[in-house]
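First chain A sits with chain B, and in the next complex the same chain sits with chain C.
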Partner chain A sequence: MRKYIKTMLIEIKLVFNYRFSVMWNSTMLVVPLLGYTFLFKKLFSQDFSFGDYELNTIFTYYFWALFLYTIVPAYAWSDMADNIESGSICYFLSKPYSFLLHYYFQILGASILWIILNFLPLIPFILFFHKLFIFPNLKDLLIGILFFIISYNLALIFGFILQLTTFYIGKPYGYFSIYGWIIGLLGGEIIPVDILPKFFNHLPFRFLYFIPSKGFMGKLENIHILILEGFLYIIIFGFILYLLWKNGLKKYTTFGG
Partner chain B sequence: MEGINVCDLYKSYKAEKVKEGSFFKNFFKREYEIVKAIDGINFNVKKGEMVGLIGPNGAGKTTLLKMLSGVLYPDKGEIRIDGFIPFRRDRKFLENITFFTGQRSFLSIIVWDLAAIEGYELLRDIYRIDRKTFKERIDYFTDILNASDLINKPLRKLSLGERTKVELIGSLLHFPEYVLLDEPTIGLDIVSQKNLWDFFKHYNQERKATLIITSHYIRDIEELGKRVILLNKGKIIYDGERDEIREKIQYKKTIKIELSEETKDIPFEEYDYEDGKIILNVENNEINETLKKIASMKNVIDIEITEPSFEFIIRELYKV
Partner chain C sequence: MRILRYIFKLFILNLKKESFFRSSFIMDLIGNISWVLIYFLFFKIIFSNVKSIGDWNESLIYILLGSSGIIFSLFSALCNYGAGSISSLVRNGTIEIFLLKPVPAPLFILFRFASISHLLSLIPPSIIFIYGVSNYGNFHILNFILYLISIFISFFIYSLLHLLFGLLAFKFVEVTPLFFILGDFADLGKYPYLIFPKALQLFFFYIIPILLITNFPVLVYTGKYYFLILQMLVLFILILLIYILFPIGRKIYQGTGTYKG
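Let's turn to the complex of A and B:
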């Protein structure tokens, strides 16, 4: 386990190596949030209706959904596919060191950093718009965190599955954008999933942003069933990932061998 | 069962056929062919032996090394290294081998923007090396390779030669008994190449380690150890003493003649034609006379005298 903790620490160092990039990225959430805030303030002042949402609930929803969008690693890491295609995966496979766990902990290291760095600039934002923001109580906060953990792991599994398809069909960049559309729309980043037709409310993608956001807002029903469903998706997609990995390695060939 | 034992090994893969033709036709319909990368080979390597694995590009050298290191599964046949089956990747097996290439390697992927020492710390945890031994080994390698100043600089700021040194230290930190080196000196200048060849010999002798080193340069034959395996199109063409190959090539040169236009008026009886160039394989004592004949040709625009080509050596070996 120590080797993977070291991987996390290396990733944190690597992120901090580019100070200006860190500073710029950590403020990137404030601009779209401000945009949404002024848009919905204007709309709701004109007898506007948006599902069951009021101004404060939609404001709080987008706050959480966009925040989660920046920290949930839905694409995993693009150089994973590069390393498979170029053959650099060999340096991992010839060591007592897991390729998948390397990326899991590398991404986790970066995520921990981004959770902190992305949240800090949001504090003055929340304080400024405190009348619109629904502050979570302790129970909602814990429920939100639990669903965030499910979301995080599910997103990584989705991302890994996407990257591992490189074993079978080459680099998956062609359908990265399709996947981006799917998770943006069906995950709840573009609009809340409960605005969409009922069918879309039963897909696993809603666990990425929609359900954790609702969890932080204290607006979830049947929480036990949702927790069970979330873990079930992790097991099912985790198993698919396992099969892709095992079979991918068996049929693996690469440039220069 | 100690050492490396390879028995009736096969590996093939599907490769896209490179076709000339319209972009759209190729976009919608692609054709593939099965390439036999390794085609039924057998060999054994004793523990502590240093073996050179040579062959032209596409001979199957890298595929073979990757199968030995457990990265690729064979289609058929068996490999055992100290009794371990490589592709099962038992921890004990992985702790005892290293796979190194002269191009991008592990540290460049992990710590490109950081110093190599950060990557070494990770490798220390991967191979469970205690702090004292780790320090001793770093000193040992940096001393031999003259790399003390390099390991604290970001990798991206090192030259290729410097980076090869720090990458090599990383791949040997766990003192592996089996060292698989794929074109380790590629891209390096002559002095750096010489230093690395000396280092490999030193490591082989001092650690009693088994080294398999690939190269597609016939000139490297002098450095690759006493035993040479020559691979061509996935088959072993030759497995034996380096000196025997050396004897066949030491008094020979390959002359490549580039012509401005094709001609039938070529004053040589035996020659090959490759990429628009005439290829001649001549004895050293025939070079003068050959050059005179070339000078008499009208449309010569370039000539190049090199070591004998693999194709020539392979033909010579088949004569035996």
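Let's turn to the complex of A and C:
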């Protein structure tokens, strides 16, 4: 395990070198949030209802959902597909070193810095809109963090599955946009899932952004069942990932990069 | 005319290249068009709870959504990555290749990744636009013609804005994050300008003119023709800026033109 921790620490150092670029990327979070904020401000100033949401709850919801959207690694890393296609995966396979664990810890290292660097530009934003933002109490914060951990692992498994399809269909870049819109819509980044028809409230994607956001807001019911459901999805999709990896390696042919 | 012929030839060559990777290309295309459909759904849900946003009714919002989809799809098909590639051209010292051609280098760079096949992604936003127009009623052919002119001006403003940002690469080399930021700002284009406070409206009309690009064609369609004049003015200023700044950037640039990537 120590070698993977080392990988993670190296990645933290690497990302830190690009800290200003990462902070610039926070416009991906701040700009859409600005759009949603002013849209709903205008709507709620009229005769408007939106499920159980009010202006401050919808603002807080989008705040968390968009924050999670920028830090949860739902695509994993495209290096994985590149390594499979080029044959460089052999460098991993010929050593006592797991390809998947390598990327798990590398992305984890990067994520730690993403979380910090993406949150910093949000502080002035929260201060400016502090009347709209519902600050979580300690209990909600812990529940939110617990569901964030589930979301993070589930997203990473989805991302790994996406990247491992390279074994079967070549580089999956063409599918990225569609996948992105599916998780954006069904995960709750674009519209809160409880506003969508009932059927969408039972899909695993809602664990990516919707459930953790609701957790931070203290608006979750049946938390124990949701935790179980979340872990069940991790096991199911983890097993699919395992099958894709094993079968992919069996049919894989390369000259070694 | 020679320039147009050249750009058309470039489109055909790129189309041939794309046809080698058909399945990935088709999925990419579907992915590109899906955003506009998802936001159509978003506004459908919004309008199931409200009659209008300010004085913009549902039909106008779909005209806006369709228009912004058309403009950004046009950009994505014809100019995507073109201006953004100036950074790597400057860094690698390969921009001389473009300066030596008998066509204006800024246009060559802007259109070099043009893709005719990606024009297919114009279909969904066009359908949403037609849906909006049919519900809005009150169709006037003059409004429609001026609207089309306004759309093309918006497309050129958005493309030249990218080019203007790209010129900064002559001085700072790595300016790629600026294009991501501009792309993020483009996300605001699907909203009617009136939701924003006055200061932000002015900022997004005349500094980073995302709201001008998407909202003005809709306003022209509703008969407010003077917005077309404002658009032409902004376009003229951008052309002038690029005309002045490109030679300055070229003077700042240093390279031997011998890099082999």
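The rule is simple: the second predicted complex is superposed on the first by the 248 of 257 C-alpha atoms of A that agree within 3 Å, B and C clash if a C-alpha of one lies under 4 Å from a C-alpha of the other, contacts with A are read in each partner's own complex, and residues count from 1 in each chain.
We take it that a residue touches a chain if its C-beta (ideal position, glycine included) is under 8 Å from a C-beta of that chain, and two chains touch if they have at least 3 such contacts.
Predicted, not measured: the structure shown is a model, and the values here were computed from it.
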{"item": "Touched partner set for A:218, first chain B, second chain C, both or neither", "value": "neither"}
{"item": "A:97 touches, of chain B and chain C: first, second, both or neither?", "value": "first"}
{"item": "Which of chain B and chain C A:3 touches, first, second, both or neither", "value": "first"}
{"item": "Partner touching more residues of chain A, whether chain B or chain C", "value": "C"}
{"item": "Which of chain B and chain C A:195 touches, first, second, both or neither", "value": "second"}
{"item": "Which of chain B and chain C A:175 touches, first, second, both or neither", "value": "second"}
{"item": "Touched partner set for A:249, first chain B, second chain C, both or neither", "value": "first"}
{"item": "First (chain B), second (chain C), both or neither touched by A:17", "value": "first"}
{"item": "List of chain A residues in touch with chain C within their complex", "value": "21, 24-25, 27-28, 31-32, 34-35, 38-39, 41-43, 46-50, 169-171, 173-181, 184-185, 190-191, 195-196"}
{"item": "Chain A - residues contacting chain B, complex", "value": "2-3, 6-7, 10, 13-14, 17-18, 79, 83, 86, 88-97, 249-250, 252-254, 256-257"}
{"item": "Touching residues (chain side chain C, partner chain A) in the complex", "value": "21, 23-28, 30-32, 34-35, 38-39, 41-42, 45-46, 49-50, 52-54, 177, 180-181, 184-185, 187-188, 190-191, 194-197, 200"}
{"item": "List of chain B residues in touch with chain A within their complex", "value": "11, 13-14, 37, 60-66, 69-73, 89, 91, 94-95, 97-99, 104-106, 109-111, 113-114, 118-119, 121-122, 125-127, 182"}
